[in-house]
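Order of writing sets the labels: A, B, C and D. Residues in every chain begin at 1.
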Amino acid sequence: MSPLTLFHLAALLLLALGLMGIVTRRSLVGMLISVELMLNGAGLALVASARLTPAVDELGQLGALLVMGLAAAEATLVLAIILVVARRLGSSETARVSELKG
Amino acid sequence: MDFLAYPAYGLYLLLILGGGLGAILSQSLVRALMGLILTLFGVAGMYLLMAAPFLAFMQILIYVGAVSVLIFFAIMLTRSSDGGEAGREGSRGLGRMLLGLIAGLTPLAILAWVVVHKAPTELPLKPEASLASLGQYLTGPYALAFELISVALLAAMAGAVLLGFERRRAR
Amino acid sequence: MTMTEILNHPLTQIVLGMVLILAFVGVNGLILVWMERKVVGFIQRRPGPYEVGPQGILQSLVDGVKLIAKQLVTPRGADRFLFWLGPMLSVTPVVVCFLPIPFSPALTTMDVNLGLLLILAFSGINVLALCAAGWGSNNKYALIGAARAVSQSVAYEIPLLLSVLCIAFQTGSLSLSAIAADQSRGLLSWNLWVQPLAFVIFFISATAETNRAPFDLPEAESELTAGFHTEYSGMGFGLFFLAEYTYMIVVCSVATVLFLGAYDGPFLPGPWWFVLKVYALILALMWFRWTFPRVRFDQLLNLCWKWLIPLGLVNLLATALVLKLVE
Amino acid sequence: MPGLAKTVKGLWSLLVGLGVTGVEFFRPQLTVHYPRKEVDNLATYRGHIDLVAREDDPLTPRCIVCRKCVAACPSGCIDIESRLVGAAPSGDARELSLAPGLVVSGTRAAPPPREKIRREVAAFRLNYNLCSLCGLCVQTCPVQSLAFSREAYLCGSSRSDFEFELLERLRRRAAAGRQQAA
């Protein structure tokens, strides 16, 4: 297998792990962790594509950097949301967050 | 890739796999976080393997140094019952796992097929992109994206602070 | 491969460098512990360690032997994995931090052109080690210590980066060797004279990042017993101890490279000057520790957010402006 | 502006602090390494208590067996045994007890003249293991029969090494003094 495929498969592995995690996890923090896994996969795929194909190298790296920035922003926001949820409902488990349920 | 790269790739893949499994399967959230960190190191290693050390170090600096610390904070502040989740109860937990496997494996299978069979033309590893050219792209044609990221970060920060304050008022 | 080829292979050099670094770290840990106790003794007008060896110079060695000989205890209810991950995770990355430090133009283990970034990235891992230790201990003091460590180091990372960026702007490189070479033209070429504010900010933030007094809240013994390492015995504690002192060397080395002209100096060969400057800075750190009382937590955060970060931002802006104008 | 002045003042105070410790660093040490050297200014040292002898007789303590020290001691480390003086008939213990007019609480009196003493110390035991060195016994003693000893370098290998018989110590001291005089 060529290096590009190998790196892409690794990225896919991250995506799959993240998806699995998001479905199986029951707490918001666990889901956040899974999302981070997926974002990492995205970054890895971007960089691999940029480094090993005729595409512009810098763009891939910039893309990965922006993904990291977004991940940081997202983590901040999710942290705040988790705090609010935990404070209001006394738990950060998704099953208990059911205020809108009829 | 030269002769050392394949073992290195294998090692990093193992880090990613082991860490990822730890991150999604372990009962204790702090252990899951440690799994995530292991994965992050694996990804950083892959960046290094692709001769993108800047990204590798940024990965460690941002993800390991900042994001995972934030997550740790989230775990601590929500007092997620000893950092663990309530036990997955019997059959429902099993169903969940099954769903998770489907959710994970389906896209993996489809995309893997695409990646393997529709691989684009491939070049050998290009020489390392200089930091200066990265910067030029960031301040030149892609300045808007750069600014947008900073706006997003600012918005996230402001939003987080706002949410925090709201929480305090609600008390 | 012939012998010289093997010796000149970068991998061999890195491995050799690692071994030397480990030796350096170990010996320095011993010396610094002894030195710290001597300094506090002198400041309090007592002799400090005195009995073991001349002037107690072997005291820390004996202490180390004692620590190694002690039983390793895992508290009941602790997360065994996290508990032992903590001390190991706190020592390991430090060794990596030494890789790009130029003790002299020739004596650099690995001349990474992103050396500064590497050090910043890997020194951030220490926080996680403290988290793991604090969480894994199943002890409220340890947990509070870990929480404090996290918020403290997250806050102080920002002014640290801001002050480091000033130097990176000025030199136009993130390579420590390049930064050092840039200042090797005598005393007046040192960055300290151009960036005194950045130096002050860097040094204060570095003190906070290494959890040294007066910012040693994560292990504030009057409130938290021993903070995050409350539950550790024997070498578990010893590793944290070693890590703390090694981080002191790392930050002081970085400060030396960034601001004090690294190996630049007359008469003596470069590495001696380097070590001399590092030790002078460490002595200053110890001096701080035994002079200033521990700050309160709100004071700690106020100092960072209200003073260091704005000052660092202004300094960075000014640096950028001046550089643009000069250009 | 006042904020800035305050800041500058604060920063200056940091430097002053550094100056203080910096100067102390270079000043000579005060520690006396015990086995090699000994401290010479023990005048203010408060060791365990000792009995004080009468002026007219170095073999007899000033103690009048009022037992106030026993009562005052919070650790209960003093134990006094007494006996009647001479051939006083046993049984009139009441008469023999401390005359209220003799010692008024809170005053520091001289011990009564010898012929008036009906009762004297037979044994004055101090359990130094329990003593917390509060000095209440010295303070309460109406006739100043107790004083702190200057023995800074006490050591022993068993608990019984610190159970003192103060009367014996007094006698030994007197004997030593006499030997020195001779």
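One rule holds in what follows: a contact is a pair of C-beta atoms (placed from the backbone, for glycine too) under 8 Å apart; a residue touches a chain by one contact, two chains touch by 3 or more.
This one's a predicted model, so the numbers in the text were calculated from it and none came from an experiment.
Common neighbours of chain A and chain B, by the contact definition above: there are none.
Two chain pairs, B-C and C-D, are compared here, and B-C has more C-beta pairs in contact (counted per touch definition above).
Chain B and chain C have centres, each the mean of its CA atoms, that are 28 Å apart. Centroids of chain A and chain C (each the mean of its C-alpha atoms) stand 32 Å apart. Averaging C-alpha coordinates per chain places the centre of chain C 52 Å away from that of chain D.
The centroid of the Cα atoms in chain B and the matching centroid in chain D are 72 Å apart.
Under the stated contact rule, the graph of chain-to-chain touches is a line, running from one end chain to the other without closing.
Here the touching chains pair up as A-B, B-C, C-D. For chain B in complex with chain A, the residues that touch the partner chain are 1, 5, 9, 12-13, 16-17, 20-21, 23-25, 29, 32-33, 36, 39-40, 43, 46-47, 50-52, 54-55, 58-59, 62-63, 66-67, 70-71, 73-75, 77-80, 85-86, 88, 96-97, 99-101, 103-105, 107-108, 111-112, 115-116, 119-126, 129, 133-134, 137-138, 142, 145-146, 149, 152-153, 155-157, 159-164, 166-167, 170-171. For chain A in complex with chain B, the residues that touch the partner chain are 1-10, 12-30, 32-34, 36-37, 40, 43-44, 47-49, 51-54, 57-59, 61-62, 64-66, 68-84, 86-88, 91-93. Remark: chain C residues 79, 81-82, 85, 112, 114, 117-118, 120-122, 124-125, 127-128, 131-132, 135-136, 143, 146-147, 150-151, 153-154, 157, 174 touch chain B in the complex. Every residue of chain D that touches chain C in the complex is listed here, in rising order: 14, 17-18, 20-22, 24-31, 33.
Residue ranges on chain C touching chain D, taken from their complex, read 39, 41-47, 50, 287-288, 290-292.
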